[in-house]
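What follows is a pair of complexes built around chain A, which joins chain B in one and chain C in the other.
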Partner chain A sequence: MQDLLSLIFEPYVFVPLIFPGITVAFLLLLVIIWLERKMAAKVQLRYGPLYVLKPLGGAIQMVADLLRYLFQEPIIPKTVDKLAFILTPALLFGMAYLPTVAIPVSPTFYAFRSDLSLLIVLALSTLAPIFTVVMGWASNNKFSLIGGVREGYIVVSYEIPMFLSALSMAVLYGSLDLVDIAEAQKGLWGIFLNPVAAITMLVLMYMSTSKFPFEIPEAESEIVAGAYTEYSGILYGLVMGASYVKLYVLSLVFSILFLGGWNPVPGFMANDPLLPGVLLFIKAFIIIVIGAFLRAVYPRFRIDQAMDLGWKTLLPLSIISIFISLAEVMIMGGA
Partner chain B sequence: MAVERTIRHIKALATGAKYMLGGHRLTLMYPDDVQEFPDGYRGMIEYDWNTCIKCGLCAMVCPADAMKMYVSKEESEEGKRPVRRPGINYTRCIFCGFCVDICPTNSLKFTKVHDVAFYTFEEQIFPPEKFREGVPKPQYDKKPRRVRAILDERRGIRYEPVE
Partner chain C sequence: MSLEERELEVLIGPQHPASGHMRLVAKIDGDVVVELRPNIGYVHRSVEKLAEVKKYLQIIPLVERPSLADTTANNLTYVMAVEKLLGIEPPPRAQYLRTLLAEINRIHSHFYGMGIHGVMIGSSTAYMWCFGDREPLIELAQELTGARLTYSYIVPGGVRRDLPQGFEDKVEKVMRYLENRMPDYFDLYFNNPVTRARLEGVGVLSREDAIRLGVAGPNLRASGVPYDVRKVEPYAAYPELDFEVVTEEAGDAFARVMVRVREIQESIKIIRQVLKKIPDGPILNEKYMKMIPPNLRKQVEETGRIKFPGVFANLRVPAGEAIARVEGGRGEVIFHIVSDGKMSPYRMRMVTPSFRNVILFEHLTRGVRVADIPAIYGSLDYFPPEADR
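Right after this comes the complex of A and B.
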């Protein structure tokens, strides 16, 4: 028992399984979807989910929904490509949460330390959209196919500028190691050094996870649920959760790149992963809440408007952000 | 142009935040709060068996074919000729009030009950014998709070308790 406990608190088990890995991601899913509905309800002068645990304002609504998803029959249509149809939700969810393994929790607590951990996170996060496209094809349904193709369009318009703006911070700090990047922000946070990159990355994060106003691949009023149309039961639960988990991962990266990661944390607490982890989580949570709040404010962009924004506005901005980083490095002689 | 658009986005977000933190809601918490309706409210319809002259105008004027004349069996056998009386089908009724307006003897009257919820399709059809018994009173688990909707210039709708 003692051995098991100490094994769980070993970084290489704790990071993928507890925080920032699957357990916290799952708990976050339960909270954030409820919060998203609740915030949209408040903006629209309604109550939102209320009757599941009324004293807490329906806080465990998502637990009830999860139970429903678990016990609902997953219907697999006859005409689908069965292997691809069944496997893609699990792979999509898995790929969405996989990048958490490379995210450090504190200066000393991480699953593994790599010189290239920022690149690893970004590279792993690009794998998930492929499965959305596969899903659209495997479902053998016109709405799914259109949804998958839309996802493809959106991917090409957000991925390049998002990586450019993330990598501009790597240029600024002279490192691709997330631990080094966070440690370099002990004084001034990255968002103040390069606000252009921060805004660009924030918008593109919401775009990459189909938050409003970029909820284009699953536009409910146009193409039923896009690539997810044919899914039901726990398979649908997984594909719905995947975009939130991806947002959670990218928010952690955003917090480390722009919001100082676990800083400010007092020096004597830095070796204990608890406080840095909590600080990092709170920052990421605020970013996710802002993303959920957008749902209440915005209608959906047309696909050409979203691509227009990606290619004509955010790509130039992300290139500008690289030049800002280069200029700052030249002026200050490296951060 | 770009600056103007950015300002608009910020304004939209600010408006959303204002409403989110405002804390006002328009929802009527129905089984707990029940709305008192104003006079002249068009709810479910009451039928006066004794004053009805069986003219059939209500069935004729009904635009949704909800009101129909049914042959009343007992009366027909008594009088040796078919006697028709109105019955209503709430699956069709649109609560327009034409039948109430046209009734020459005011045998049809609106009530303030609008809980048109039933378990089965058949329950929603009120033939004359059922129609005369009046509208079904809604059942609540606990005594609801009676509220009245007040139009408020600043907040839209407010609900005030009624004694």
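Right after this comes the complex of A and C.
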């Protein structure tokens, strides 16, 4: 028992399995979808989820939903490509959560330390959309196909500027190691050093995870549910959760790049992963909540408008952010 | 690759979250709509044929059912046509009450249309707000008529009920609430940059086309044609009321929404005038009032609720033809009744605004993006059951 506990608290087990890995990601999923519905309901002058655990305002609504998804029959239409149809939700969810392994929790607590951890996280996070496109093709449904193609178009318009604005911070701190980047922000946070990069990255994060106003690949009134149209039961639960998990991962990266990661944390606490981990999580959580709240504010863009925004506004902005970083490095005499 | 192979035929509806009770057959080339044909008739209820076997009073609820959000217009038009055949005029107080209900109905019909449009372009907040703010108006109508949507309030010769006690104050409260609420809609929805991007310049209907295609109602006025039956051929209490015909010049989806918003403001003006100017007097034509038995007539005078005289059950309408027109929430409603003097009309023709506007689906969607289909659909305030009848 003692051994088991100490094994769990080994970083290489704790990070993928507990925080920021699957357990917290899963709990967050249950909370954030409830919170999103509750916040939208507040703006829209209604109650939102209420009856599941009424004293807490329906807080475990998503547990009930999850149970329903689990026991609902996952219908697999005859005409689909069965292997791709069944495997893609699991792969999509897995790929969305995989980048968490490279995210450090504190200066000394991480699954593995790499000089390239920022690149690893970004590279892994780009794999998930491929499965959405495959899903659209495998479903053998016109709406799914359009949804998959839309996802593909959106990916090419957010990926490049998002990487550029994330990498502009690497230029600024002179490192691709997330631990170094966070430690470099003991004083001033990245968002104040390079606000252009921060805003660009924030918008593109919401675009990449289909938050409003970029909820284009699964626009209900246009293409039913996009690539997810044919899915039901727990398969649908997985694909729906994947975009939230992806937002969670990107929010963690955003917090480390721009919001100081686990800073400010008192020096004597820095070796204990608890406080830094909690701080990092709170920052990421706020970013996710903002994204969830946008649902109540914006309608959705048309796909050509979103692509215009990506290529014509955000790409130049992200290039500008690289120049800002370079200029700051020159002025301050190198990192 | 030939053009045929490039095109993808997408069947939007009837099982689709935003199609309504109809099917849109879209041919798309990439993200561009090559052709969109509405396939209507899924909710045809045979109202015109049914009317030929129903008695005149039974037809009132029948004609209301197809356009559920805008029932007063159908009710009023039908009764006006019947009254023309009967050769009777409702008393002035009844005329004002008809106008009052028609305007309350116009506001909540516009909210209905705007709400559906909101959720079609992705703003669930606009949807919930519109449907929430529709509620006080429905409750007003409920207090006046006893029903939330299918009022059957207007009967040949007058209306069914008088104003309830303290109704004026309640109306004023709702009107003030609506006026205070409107800025919120502008802040969050109409002036939202995304809403503007989605609606402005989308589905532009030129003035010439609007006239040529015979478009009706707010969709016509959004193209800069100041045509409103309330002004062109005044009925009920409208000749005595002061209001403006709302027009917009742009003719795009946003202009159509704006016409509705400004019409709500005009309707508020009209309702206030109605309550100020409403004369005292009976609410049913004298001829019918006399037919109510004396003890019941006393009860009618005390409660303000009409007990139908026996003649209504087997109302016979003199032979002849009559046409009546009314400006409903969605546009011009026309009823043409041919009577051969029997207990049911020989033929009843019902022309609804949605039926006249359905042509716009094909006309406005050529060359637009796939995502514009719901944006245009919603802006037309098209209601399939009303078109199918």
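In this section, the second predicted complex is superposed on the first by the 334 of 335 C-alpha atoms of A that agree within 3 Å, B and C clash if a C-alpha of one lies under 4 Å from a C-alpha of the other, contacts with A are read in each partner's own complex, and residues count from 1 in each chain.
The rule we apply is simple: a contact is a pair of C-beta atoms (placed from the backbone, for glycine too) under 8 Å apart; a residue touches a chain by one contact, two chains touch by 3 or more.
What you are looking at is a predicted structure, and each value in this text was computed from that prediction instead of being measured.
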Room on chain A for both chain B and chain C (clash or fit): clash
Chain B versus chain C as contact partner of A:G260, first or second or both or neither: neither
Chain B versus chain C as contact partner of A:F293, first or second or both or neither: first
Chain B versus chain C as contact partner of A:K142, first or second or both or neither: second
First, second, both or neither for A:V43, with chain B first and chain C second: both
A:P16 touches, of chain B and chain C: first, second, both or neither? neither
First (chain B), second (chain C), both or neither touched by A:P273: neither
Residue contacts on chain A - larger count, chain B or chain C: C
First (chain B), second (chain C), both or neither touched by A:E215: second
Listed stretches 59-67, 77-85, 113-121 or 131-139 of chain B, narrowed to the one that overlaps chain C: 59-67
Chain B and chain C contact sites that coincide on chain A, given as residue numbers: 43-46, 296-298
Interfacial residue positions of chain A with respect to chain B in the complex: 39, 42-47, 293-294, 296-298, 313
Chain A residues touching chain C - in the complex, by the definition given at the top: 40, 43-46, 142-143, 146, 212-213, 215-216, 219-224, 295-305
Contact footprint of chain A on chain B as seen in their complex: 2, 12-13, 15-17, 19-20, 22-27, 29, 156
Complex contacts: residues of chain C adjacent to chain A: 8, 10-11, 16-18, 31, 118-126, 128-129, 132, 188-189, 192, 194-195, 197-198, 369-374
